[in-house]
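In the two assemblies presented below, subunit A is common to both, partnered first by subunit B and then by subunit C.
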Partner chain A sequence: MAARGKDPDPPPPAALTCASPAECSLSSTQSHTVCMVSDFFYPNMGGVESHIYQLSQCLIERGHKIIIVTHAYGNRKGVRYLTNGLKVYYLPLKVMYNQSTATTLFHSLPLLRYIFVREKVTIIHSHSSFSAMAHDALFHGKTMGLQTVFTDHSLFGFADVSSVLTNKLLTVSLCDTNHIICVSYTSKENTVLRATLNPEIVSVIPNAVDPTDFTPDPFQRHDDVVTIIVVSRLVYRKGTDLLSGIIPKLCLKYPDLNFIIGGEGPKRIILEEVRERYQLHDRVHLLGALEHKNVRNVLVQGHIFLNTSLTEAFCMAILEAASCGLQVVSTRVGGIPEVLPESLIILCEPSVKSLCEGLEKAISQLKSGTLLPPADIHNIVKTFYTWRNVAERTEKVYDRVSREAVLSMDKRLDRLISHCGPVTGCIFALLAVFNFLFLVFLQWMIPDSLIDVAVDASGPQSTWGRQCSYSKQRDQNSSEPSKTR
Partner chain B sequence: MCDQPVTNTKEARWQKVLYERQPFPDNYVDRRFLEELRKNIYARKYQYWAVVFESSVVIQQLCSVCVFVVIWWYMDEGLLAPHWLFGTGLASSLIGYVLFDLIDGGEGRKKSGRTRWADLKSALVFITFTYGFSPVLKTLTESVSTDTIYAMSVFMLLGHLIFFDYGANAAIVSSTLSLNMAIFASVCLATRLPRSLHAFIMVTFAIQIFALWPMLQKKLKACTPCSYVGVTLLFAFSALGGLLSISGVGAILFALLLVSISCLCPFYLIRLQLFKENIHGPWDEAEIKEDLSRFLS
Partner chain C sequence: MEDELSFSDICGGRLALQRRYYSPTCREFCLSCPRLSLRSLTAVTCSVWLAAYGLFTLCENSMILSAAIFIILLGLLGYLHFVKIDQETLLIIDSLGIQMTSSYASGKESTTFIEMGKVKDIIINEAIYMQKVIYYLCILLKDPVEPHGISQVVPVFQSAKPRLDCLIEVYRSCQEILAHQKATSTSP
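Coming up: the complex of A and B.
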């Protein structure tokens, strides 16, 4: 994420280091113009944000044209360019709750249509079921006859009223979407059930980490003590309450045990209370919010990484920790058992007792020296997940989707009514008709032919870096990928 | 990898792991798909008569409200002397007080550590203050129209019924709010009575029927279920009788309401249980079952 710091001026292409040419796979037969839509993007930080950024970079590298649409973050509005001509539209839409925009299903159509036409978008790729803008874009994309893809990044229950309602909306939103991508098999099962989908149109493509960002550094850690690292937001869903039980129990048992806890959140207070109550100020360090670039420097100080999440679709944190060579101890929830092989992770039940047993097992292995050295763990993990592989697999989804026919209006209405229940189906079918009429009205006001076509910053006709012909040539000839982070 | 010809399908077994490149397309659906899905694991089987028994809490509360309104109506019409109501209320309170300790053999009192002297003190403080302020109560809502008072009382009593702690573990339950609403309704209605003595006795009666009576009921229900059923039936019939003396139609409607709540609703609940489809699986948020506050105490 080289550009994040000094955006909007992208760093010169010369500053990018290159990976080995052999690693780079050649671009596919077909080039797509993809519009990634999500409410969550830089400057916001998190799993979805970095997923979109990394995936886009790798798809650009493979010769596709990618643009990103998100909402304005404070002062950051309008069009910005990131590394390698990744064009980002920050739309002036009102944020309602938790960085998600408000939705009326209609108000975003004029802006989004303008962008889709300008950029000659062929595939809409929306991210995250929490993002209203992503669902809006799917809705408009289908009205405009574009192919739609959706990536679900989170798990949801079925028990309470709020999840019943959101699941119903997800059913509506996904029933006529061409293809859905989930980040783990558990997430796929969850999404298929929530939106009553045909599992054949749901692909599983995991997240990845950049192994060059998360390298081990055994000299950073003190080997006379055992250090346990926790990096997560300190909220209920991440199991901070469990952590507050584990800390005193283990600290009393092992005098040479330290905790380093990175992250901020409403549950920080209970950790501070525990530290106060048991006088552990010199052994439990609360670092507060961490910037993503500092996470690695915290991780390498420890021997064991502890994850206490109560629900998790994929869990990037354990992957980052394993990539830094730490022994991972985690709860067995959601998609976590799928992420790492059993030799690299100790899975526990989500209870203080079970997690303590897991940690004690890790500590005894560490003391007896039977743990793998950090460099070995790093070398194993770095082969598992790469963004290039993610991009390659996503590209296959695009290829498949682009060969499918978009549902015509009457078929779409049929699908909505037959698939989403009589009441909801009819309401949303009506809304789809209104949306179509609105689109016709907009096309009459400003015909597509009058909308200027944007200059491509990425993709086959890319003008990015033309002025620097040498590097362009080099990029084309050797198909050398640029480093993405 | 949707288009790759699927090779080695026979030999290689699909694994539910992400870290290995498997010879299957990304949208492959294995036989094991959704094998960890569980349905209705926490669903409870209900017995008809057990549900009917539990519904008596609702019946009791409806009857309390009914009795309260009937008594108020008699006072307002001047058919019931305040002294008589005060005497009956006092006598039944004393009986209830004795019963409260007798039912569980004084265990509850030992546990709470509350002395009789403390009970007497709070009763005296309450009665003195209510009596002292009853002239104020009487004139409190003189400037408000009677219709408003009636409307407000109806809403408050409805609120009392909605927020009452029937034993369900839900966010909406708040016994404090419920009691406050009932007392507010009683104050509103008391201000429409002829004299300040009436107002004082009405509010005292409200405390007895909305605050003290449910406590005794709860204990009765826990310790002697049989007598609780008897008390509930007796109470329901007396409420119905009282209502019948005012309005025949009202009594019939109220009787229908009671019957539907105690007999039809449980039947319907048990029928609907057959359609229950509660889905559980590895995606559920884990629950922390231990009590973690012990680490902080």
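Coming up: the complex of A and C.
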């Protein structure tokens, strides 16, 4: 985190707060048509997927029209509708690696253009820097003169070859994007440095948890023993090696200590070795891969949640654990210190010694009874991160973006050449010109007037369950701001 | 009663929709595409001939020229007989069922009939087709095993591919008849 000292200005919240209440009320009446693009969406499971889904649902509730574009998953291709008329396009594009599509920058233009035109999209919102389709959509959106927003969900390094390359591509992709959203200030810092961006067009909107999914249940845990829960993928990044050092140390010291470890990964073998060597079969339980809906049932069995991540943009796991009323012990890396207030989390350095001290502190607090009861922790956490709040803040980004002008073609080329270095800049400027010519060709082949405008399933002209949902939507819209503000 | 409306297909070509109302419970919709135009026929013939002459000057074998004649003749026959559909008709009769007829440019006709008992509903659906996302009209068939399931989706006007405004016109009329059919089949 050497970069922290270099960043001169404190994180400017200007992008997220309205200048005056009048402007707020004026802008919230404006309805946007947003197209969320990412390679990652249900039925694939993960953080980005649920983020897109929850955010879309809350934006629909606020009266915007949302569509989602992703690639086909097996037999699931074509057009599907989810709850509340959320329309999902599963496009038949080839998957290359790790659920990410191949990119040639051009082949997806005809279909994406057709969708943008028929849905009358005004804002393109791409998610995740690992998704090739998201970058393609940004590129095409800018060529078509639409507003673009990008959400970054992950942290990267700067040193190795692959991250140097991805950082270069990110620079090219983001240099003419209207607005970028990051999930934590650390992630913002990282993205600004990686993509050499102007920090003023980067906003921070954290993730959220659904507090009703993660409720405490103190009767599930046994109070005669202390149970430590770990739920993470068992990979190097998540610090499984640290965990294997902690387990024997603490188990020797406290005879009434149990570990429950959920998750799967290549490092599982290390934990099994430790369990074997120290004969801890009855005290260390390895549950293997967990489905997201079962995570809560595991969490409520414990008293303390341990997170040993070595890098993390915004840690959802500790938030879910705190929402279930557990005391959280975590490493002080990435965006983790921003997530919870000091009273709810014990932060340690990413070393076995420091983590053991942190855990011992938590255990002694637990035994002396100075920890907050689970229900109290839940009630505190529940107010911090809600999807409604995320949607409200995202809406402000959309309002701001929709007032901005889209760069014209010549300005965009200038920006590319001046911003991305002489070689890369020129190559991508050339590609942008080709893309524009391709678009002109497509517009000649199939003029916009020949494309049928799609029937809206969400948004102000929604035809989805018209009778009942209209009155319901009004109710929610009027009651909601008072709840979240 | 009979009337004719003009619509366009998804590529911008002209389509004519003829509606014939024989009785309140029997209607016919007839979509006709423009016939094979002399211009496109000439263009294809010329390009094949140019290619043939090009090859002929290269290898100086007159077999190529005669082959070109055969290719054009057989291609044209095949195209008219198997590919080019001039007219697609949807006949819906309340008490009987739905009949779909497509007549090829050569005069060949192929007919499918679906009896009313098998029809679950008629809907407009969206599909991704050749770099496009299009609307199409289709008939849902009941699953004989499971009463609420759908066993098959039969697309209508498959070759004409009319635009949404035309589909809505046909859809409304079909729904009227289906509603009438449901009302009469449940009342006795």
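We adopt the following convention: the second predicted complex is superposed on the first by the 439 of 485 C-alpha atoms of A that agree within 3 Å, B and C clash if a C-alpha of one lies under 4 Å from a C-alpha of the other, contacts with A are read in each partner's own complex, and residues count from 1 in each chain.
In this text, a residue touches a chain if its C-beta (ideal position, glycine included) is under 8 Å from a C-beta of that chain, and two chains touch if they have at least 3 such contacts.
Given the structure is predicted, the values throughout are model-derived calculations rather than measurements.
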{"item": "Subunit B versus subunit C as contact partner of A:56, first or second or both or neither", "value": "neither"}
{"item": "More subunit A residues in contact [subunit B versus subunit C]", "value": "B"}
{"item": "First (subunit B), second (subunit C), both or neither touched by A:77", "value": "second"}
{"item": "Which of subunit B and subunit C A:435 touches, first, second, both or neither", "value": "neither"}
{"item": "First, second, both or neither for A:89, with subunit B first and subunit C second", "value": "second"}
{"item": "Partner chain in contact with A:270 - subunit B first, subunit C second, else both or neither", "value": "first"}
{"item": "Partner subunit C, residues of subunit A touching it in the complex", "value": "77-79, 89, 91-92, 110-111, 114-115, 118, 446-447, 450, 452, 454"}
{"item": "Residue ranges of subunit A touching subunit B (in the complex, touch as defined)", "value": "155-159, 179, 184-187, 189-190, 192-193, 199-206, 237, 239, 241-242, 244-245, 248-249, 270, 273-274, 277, 310-311, 313-314, 331, 333-335, 337-341, 350-353, 384-385, 393, 396-397, 399-400"}
{"item": "Contact footprint of subunit A on subunit C as seen in their complex", "value": "8, 10-12, 126-128, 131-135, 163-164"}
{"item": "Subunit B - residues contacting subunit A, complex", "value": "1-3, 16-19, 25-27, 29, 33-34, 36-37, 278-290, 292, 295-296"}
